[in-house]
């Protein structure tokens, strides 16, 4: 069986249905929330998800056991790109961050009871969730080992204390997956554990909503405070002390599904630019016949094709059971930057229209894609990891401990 | 007298006073409007301008005859950068776009009566103004010759009809300088005339405020409709049919003063990044000791120094009476792109803080600087003009009419 | 059969053998010609090809009927990258330009007699060949329609007159494939025909060898003059008047095989840089622990992975029978530029060693890869084609004839 | 005296004479050595220097006391750019590296006797010199503190032992300025001393000429071995133990004069590209009317103007007596990279002609400018220094010793 890129007919059909659903149902709904998913009302989420169910495109990534289409990552690559064509698309299909990544993590790490209690309603869109890992400085940020939130052993459970921020989707979430330190000190490589904390648990409260450049995630980003928040032993997710490994189970695929969705957004921006280039006259010809515009359009086509090829390559490696750490970092870094370039060029080609917030989706997209070069590990952290792995085989024994 | 870069002591003193005023008065006021100048109340403008007068830094560019400091463009380069350190700074000093450029244009092109009536109160901050040139497609945009708004000769005056958009500061302005076609057809190189139209003139109305990515100009951008708007002969600004030449009188220096102000914003972003780099720990060292962060910081220092050197070089050429068309295009293109790179790097260095809208000014600045690559002539239009001028001496006679 | 990237075991085995052969036999031979393939003696070519035959890696792309391994383009992608690790590798395997592309063209376009006469010895390495298309200005360059060399009908054959330059491998070639105009005038889109012209045919002579930046092709580049050069009807390759289409048959895959070989060269440069980064101390740590070096190394890993993914994607599309014009342009443009970036970074990381011509292969590689951004269609021509195809569906009927 | 850019009439006249001399005498002589200064015969050097004397343009930077024009660095900026228009120009004017920097160093650091003995004949072009600092790994490279060559105290003088490489102009030089460690160990910040070593001194020998990518310096680069090379106390240049400070005296201005000369080379490349763009037809129009070509041409004009402005700014600061360490690093980094971009674009615009080694100077220039991103401190070292200085005021006391 040689290398091949043909898409499985079932997947191709689901992608086509998704594209049609996004074009006919989701995009027309964008105006309802001014394009800002953050400000979308709960009712809109319900309407869109109902529409997705009716169109047969709901939960493409969810195992069939929990009511989804059970696509592997290669299949998700094709369908998520189609969904990402509108910022509201992933919400409609229930494959938006952070829920989608949490479903994956629960499927891999949760007990059967936990799956029944947390995964089933999440997969069905009945509740939402959040993943509480990032902390304000000097806590866990690009370097997760700085983790400062603690979970202290108490009889029959744990007491969580600390502060998290930039927790997407926290507002209104049914439960949070919380990373806390159960041993060691900030800076130590291990000692972290994940907990499932239900909304309403005493001691967990939202301190504020953080206003950010991006507004593309439902319910936005919040700062959460844990003060003597007590959970039971059955709320530990995965093994005690293995939280960072659990986060990696989530993050590898989650980085790629982010890439898939954002690639759809980039395609949208490029299509807006192409439409403009095919119709707007300037300097005696149509924009799309001007060389500098052609250069921008071509560079964006190149960026999109390279992104797609890298995503598929990495998805395949993840599907075959590999950790694919190097390829995931390579793809995340390239795609995050490529997507930003594509949207930026589309804005430039569309001129005044490109920076108008109401007349085209570009100004919105420009704001949404920028943080992706920071979220899920900033490009610099990934480049550090890529280089370190590449250098390792060439490192001379005498060059010391830095080669860890 | 050899080439030299020493700043005149009077200018240096004014710049120092401006920096102190911005730091002590203007920046603390940013919170009052959430950093968005667009949404700043009129009262804030008045308070800040009063403060600037008291600090002796009001109207640095205005001829002394009209109550200002009478700086030439080299002097403005130094002081406007200091003012631009806060988005509210130029508003406070009454040297913000579009008023500052309009003052320059009136000084150069208006009759004495027009100066008394329009320039004097504008220079004093008693009224604001706008410059109505850009039109929705297929009208005048990057290519001004596409001008479609018409001014038709009537006894004793002119009747203006047409539509303008992205007119900064129109909402609440005391008068508009309006470019209209008095002869020829869209696409013709000449035939334009400028008119001074008072607010409240029948037939001129604001159709809508345009929501844009940027919110850094007081009163934002509007769409204006002209329907049988009648003005008298004494409201013609400059000579009939010479409107495009008049616009150039305004645009050359206006492009440079934009660059000066935005360079101040870039310096602000870099300083925020440096502060972060000097204090935030990650991976066992302070951020500023990590090579990739150093690379970003160094590239921004380089961008800032190169921008400043180009601005001074161009300001000198304009001050000596040259049109400086080539250098103005070179500087505007370089500075607009450099400023965007500097702010983008600062966001990246600051991570979550960089994309937070409330905790640092960077997310705001990222939105504000992006349109500068489009406003005042997109980079592509300037590059086209730069190349055409550079190729001209080498163009062979046989290579035809395209060499115009 | 889902998307997958597993390499066929036969191909993987051939690639491993090729890597071993290159490492053990070819690289040690580089010193013999100072790294310059151009100056390699004929004897070296024979020795290396004999070695390749003995190692079982000769002619991987040649159909088994003619003695090769019969790999499709996906297989070639894997093996050619391994061969390209040394500039002499493709010569050793008889898969270097221009012979490799000519074999492909002959297989597709030649008659059985022509195949026996020209393809069989070419595939066996008994003769070499050249492809004579490019002409000095104002003839056929980036724009093939400028073709000026003519082939005039005479009884029983054709008389060729004109001048070609940058014809790789012409010196010592057994035959040339010559593109000449059999109808129309320079600038016309069609009217070209390909001819097989044996070395020694009266009227075909080499005017000079062109000294170029690159020296990576055996026998270099020559300027050829055709003066009343007469060939028979049986020397027409393909159909009269369909020469440009024939060139496309050659060029699509030839562009990709170029990419494959150059990717190997980029990998070599990166490995040299990694070796240096892992051992050289500077500023108190090993080079590979410095952030700016890590950034360069990571960017090169990203460039290499993205190049490889695009090559495989395009090879698959070509293997399935598609013309793949868009993807070929996308991949050629990206890979040519990526390869240049990778080599440039390796030079920078290695410092003085990087620009030394004798102590490392990098200075040589820097010279070799630069022309690839021009050969086989400059990046600008490909970007023009990519954009034109992308805009086409959005072009409005009224926007005129430029949409061809 | 405000900021101003007018060139002093004397300087302007000298620059005009230099341009005329380069155009009429030097460029025609390029063919004599195939464009490679490295391979230029001694006789050519003498002929060109005689011509420069006759044209009144010899030694523009040399103090009048020693027979030169006594220009300050701002004046040199204008004249050296004119000289650098041909790679042979600086050689003709006796202002090429390394002699020009050595003259500056001797003027600043030598005793009167040393000046008579070494500076006078050097300024007159009667002898050449070299500056022997760089060592093979693990010695002094980007990090000078790695210095390993030692000078050991002996009665009445010093014994030098060690190995230097990439020593430009060593072959045939009348004397060498040698940096050696007189105290401390490799890695220590101080302890270096400079020595004046005459050619022919026993124990100093040239081990080999190093073949490099660039061939633009007369006599090329050599590897030199010191074995028990004895010099007298009167051959110490400057103070014992202050060698690194002495090197900085040389390097600051030397970096800028490099920039000036290379800017001339960039201007040459751009002019070749403009000439091509104005005459070569492609796709139905002259090259210079194609948007992508215009973009490259415009970007090169921008790079040239920004380079020139930074050079003048830095030259002024150095002329006023400042060390200008930050601006020197900023300018060197920017100009070195800008010059490479300009030449690379010119190659791309000229296509086959751009990579031809005989038909245009571009392939030669591409090789020559690349090492400038490494010589005189690689861009990475300068960026490190720029960032460190920028961060310093923001470094918190607690962030430790790294802030040195």
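First chain written, first letter: the chains are A, B, C and D, and each begins at residue 1.
Assume contacts are C-beta pairs under 8 Å (C-beta built on N, C-alpha and C of every residue); 3 or more make two chains touch, one makes a residue touch a chain.
A quick note: this is a predicted structure, and the numbers were derived from the prediction, not measured.
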{"item": "Selected from B-C, A-C or B-D, interface repeating A-D by over half of its contact pairs", "value": "B-C"}
{"item": "More contacts between chains, A-B or B-C", "value": "A-B"}
{"item": "Of all other chains, the one whose Cα centre sits farthest from chain A", "value": "D"}
{"item": "Between chain A and chain C, centroid-to-centroid distance (C-alpha), Å", "value": "40"}
{"item": "Length of the line joining the C-alpha centres of chain A and chain B, rounded to whole Å", "value": "38"}
{"item": "Geometric centre distance via CA averages, chain C-chain B, whole Å", "value": "50"}
{"item": "Where chain D touches two or more other chains, by residue", "value": "281, 290-295, 380, 383-384"}
{"item": "For the chain A and chain B complex, residues of the former touching the latter", "value": "134, 137-138, 141-143, 146, 165-166, 187, 210-214, 280-284, 290, 292-293, 347-348, 351-359, 363, 366-367, 370-371, 373-374, 378-380, 383-384"}
{"item": "Contact set on chain D toward chain A in their complex", "value": "290-295"}
{"item": "Chain A-facing residues of chain C, complex", "value": "1-8, 11, 72, 74-75, 270, 274-275, 277-279, 281, 285-286, 288-289, 291, 293-295, 297-299, 301-302, 305-306, 309-310, 312-313, 315-317, 326-327, 330-331, 333-334, 380, 382-384, 386-388, 390-396, 399-400, 402-403"}
